[in-house]
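In what follows, chain A forms one complex with chain B and a second complex with chain C.
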Partner chain A sequence: MTTTLAPARPAADADRATFAALAAREVRRFAVNPVFLFAVAMTVWVLSTDPGNVTEIDSVNWIPAVFLGGFGMMATFWLTRSMRASEPIVGVTPVTLPARTAALCTVAIVPFACGGLALLRFVQLIPVGDPAYGAFSPSARIAVLVGQIVIPSLGGPLLGVALGRWVRFPGAAFVLFLILFGWGNLVTALSISRPDSTPLVVLRLFAPFSFFTLRGNTAHLTTWRGSPWFFLGWQLALCAIAVLVALLRGAEGRARLRIIRALGVAGAVAVVMLVLAAAGGFTHAVTA
Partner chain B sequence: MTASISLCDVGRTFGATRALAGVSLDLKPGVTGLLGPNGAGKTTLLRLLATALPTTQGQVRVLGLDPEVPAERTGIRRQLGYLPQEIGFPRGFTAFAYVDYIALLKEWTQPPARHAEVRRVLGLVGLSDLSAKRIRAMSGGQRRRVALAQALLGSPPVLILDEPTTGVDPEQRVTLRTVLAEIARTSIVVLSTHQTEDVAALCERVIVLDRGRVRYDGPVTDLVSQAAGRVWLADQPDPAASASWRTGTGRYRNVGARVRNDVEHVEPSLEDAYLLLRGGSPEHEPAGEMTS
Partner chain C sequence: MVGPVLRAGAWPAVAGLTGVAVVVGGCGAAFPAAASVLFPICFALLAAAAAFTLDEPASLVVDVTPTGPVRRTTIRAVALLAPLAAGALVLLAAAMRGQALPWAAAGLALAGNVLLGFTAACVARTRTGEPGPAAGAAVVLVLMAPILVPQVAHWVRTFPAPGAGGPSPDRVWWTVLAVCVLAIAISAGGRGLPRWRARVAILRRPGALRLCRARPGIEG
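Let's turn to the complex of A and B:
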């Protein structure tokens, strides 16, 4: 053993370099998280089916949302909480809590990219021109898929970070996952019975994931009300809110004020987008 | 200019509980030991110095920087090593991975330099051979050394250690004393402990806290000398002593406030002096403040 002391550490001029290195570290930790690996494996398994076996989009499009989004949320929640016990140490390092939170938020790039790949595979399984997408225009069909596959893969993990920063209960992410899953199923079930009800459209879209078509047990395909494009806006606003809420933890002074102001803007945008999503699209459900 | 920490009339309350009251100190490079009973305010004082806690009264300056100002607080943290009293470790981390993670948070962004530094500090605490072992599989003393290793990253100018030797075996304690003494040549090292022998072996200066106030602040030798003639051996516990206990030889070591000539005196230790200062037992009311 030696007691020789090292020279002072290298000049710490680069907040940006530290952030980049930390973000890369968190991305690596997330990418090897067993929960996330399981989610990826399940998504790959489901999407590796033969193209001929998939005849309706609603039997598959929720898979990436549930696994990459829902399980991704649980993985980032765990990742965020993992250093909680070491907070007395990490809390007095030069990297502030909001900076560490921002680094954690960057891990959502991984499931987002996986969601992008899942989208490409999905389009391979059911080309955009397929009647399985209902009465939507080709561009709206893309919006539906992005909103159902890619954005939940981004938003779920961001929500997990926010939850990890603010909620102490260790099972919070799982409980939230169940609530969101239950909510999605409930409003979908209600929408089947009353597809033209405006309040139900709002309730259906008041979620991070929503179906826009449903074949159900009949031979007919129903295209529901609601604008897929504005729904995308609503989802992205939710993502922004999740990031801002996460960053608010530990923010001080002017930064805190800026975050609160941005939260107000994001909240207003979210409301507008939800209203437009509910008001847009078809005026009534279209069954073909 | 010599690096320093200064506290002026510093107080800290937690609700109705006053953890620190009117503490004024000036700390220079060297090892300063912090002694006191449980609840004396030692950990609170260290957390204030480590920027983990704001004051509710008074002023703290660490290396001339104000911890209340966010930018200056970051400046302090860049020059700080802190070992908290209690710490948990994340699952799945090895000793190397954990210290490496903290090094990253301490802005060691270049992997080769960071890895070399991590290996160095793990070597300082005698964990080179266990660097690949998962922390959760380590003993309490080994975990404590992992926590200490991260505090030593970059040989910081300010090193705040809350009970660094708890659970550490005697051999390692001696080694750690050597390491800390070396660092203290240029750094301000403040350590809180219940191990008076660590303070006696390592510290030039000792501060005794009691109920949030400074009871003694001065050289260790001065505190010990105040116990001269007040420690004696006897076959029975002496009713005149404020503290007495049976030693390994079967005789009783007595510590009392009054100087006695009719007994077998022994060389006082820092523990004796500390007990005398405390009045023999934790229940005693504090006497007046003593400074060297």
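Let's turn to the complex of A and C:
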């Protein structure tokens, strides 16, 4: 009776309500995913232990990126793929595939929030004024931490959704995780021997995560080239690209054209940000 | 029999993962500064490739054929030669580049990694027809744990990197090899139909189809 007498809601309101319901359901599914819970537990364990006498931030700062970002990527990949078997049934519902993908992308809010909390805990463990951050200004130190802890926690799960939408191979998430981890280590190792090489700076920043300081086996802390602020812009552009690539799957007509156009813009922004990140910051590695 | 069983394997997954592992290991051989991380990643990928060797998309049909699980597992084990050969190639490339690795220990680690992946697949195969994705992911996470979690590296090392402190990985890998052989023998020997499938089949068609767990096949 109520339904009959109530005035018809505009279609946009109905779409929004459907999207909110879908997003809430996906967030619930993600929050209880064992892989994500394991990642949160490991992050809490590592950050709850006293790091002792810290001489560089690089011994701890990559842990949230690996667990919340890397493991978050695997969790969203499996979450996205879990609906693949029921696609013939889900596909005939009034909700389009891009709308369902957008709902899946909202789950990244959860690891993003966890990354924010991890950042606060990290700053509590190692205050921003500590010399372990290198020669950066206080604001740049915050940018370094946001780029190393918070943004990877957001980008990893978004990448997992895009991967789940486009790649059929069920082991793609852990393979990509290993490749990204290996790439990060490779370019960091190469940067140690030639910290002032511009191509190596570009290669080091051409990753979703990058170190900006290194102590190595010496008593001195080296601050590498590169602008942490523009690196943040590069990471956010990568996040936008991941979302757009995920949404492109199943998009039709004008929506598809708009997504492709937005992808072009995001790609151009990413390239500009990468160039600025490599060109900005110190002109050469600073050892103190 | 050998040909069809081998042909039905998940070769694209095994070859793809092995190929990625060779690229990663090749980078480790080319850039010794990163070898201590890239070689374990390469070996973990080879272990994941080994975990895909037992994938059987047509397991609903294959599991009830007269060819027993021991014979099928033995035939599929031939596919392990691919990741093993790839790993040996990577180690050879590293040796030719003049890297100073403890080669016997590295070879043992390679064999242990690959056998661990295969064992995980064997155990998971008792539950599902395609154990590769789950077993591969689990093995990768276990093998990467000493690198990803610094605290774990104090107790266990999975790769014999020169100059690294902590316990020797040799003891770990000899233990893993022994446990793996035992686990493979138990899981392959005791595997008829996956437990859930046998239960479902018997429940749905009582009397019409009697499934023998000791030796798979259809009786009476």
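Definition applied: the second predicted complex is superposed on the first by the 270 of 288 C-alpha atoms of A that agree within 3 Å, B and C clash if a C-alpha of one lies under 4 Å from a C-alpha of the other, contacts with A are read in each partner's own complex, and residues count from 1 in each chain.
Methods note: a residue touches a chain if its C-beta (ideal position, glycine included) is under 8 Å from a C-beta of that chain, and two chains touch if they have at least 3 such contacts.
As the structure is a computational prediction, the values presented were derived from the model and not from experiment.
Residue contacts after overlaying the shared chain place A:198 against neither chain B nor chain C.
By the touch criterion defined above, A:186 reaches chain C but does not reach chain B.
By the touch criterion defined above, A:171 lies against chain C but remains apart from chain B after alignment on the C-alpha atoms of chain A. In the superposed model, A:21 makes contact with chain B only, not with chain C. In the superposed model, A:59 lies in contact with chain C only, and not with chain B. In the superposed model, A:124 makes contact with neither chain B nor chain C.
When chain A is checked against chain B and against chain C, the one touching more of its residues turns out to be B. Within the superposed three-chain model, A:82 lies in touch with chain B and out of touch with chain C [touch as defined at top].
Chain B makes touch with chain A in their complex at residues 50-52, 70, 74, 77-78, 80, 82-84, 86-91, 98, 101-102, 104-110, 113, 116-117, 120, 123-124, 126, 128, 147, 150, 153-155, 175, 178-179, 182-183. Those residues of chain A whose C-beta lies close enough to touch chain B in the complex are 1-3, 5-10, 12, 14, 17-18, 20-22, 25, 82-86, 88-96, 100, 252-253. On the side of chain A, the complex with chain C involves touching residues 42, 46, 49, 59, 63, 66-67, 74, 169-171, 173-175, 178-179, 181-182, 185-186, 188-190, 192-193.
Within the complex formed with chain A, the chain C residues making contact are 13, 16-17, 20, 24, 27, 31, 33-34, 37-38, 41, 44-45, 48, 52, 132-133, 136-137, 140-141, 144, 148-151.
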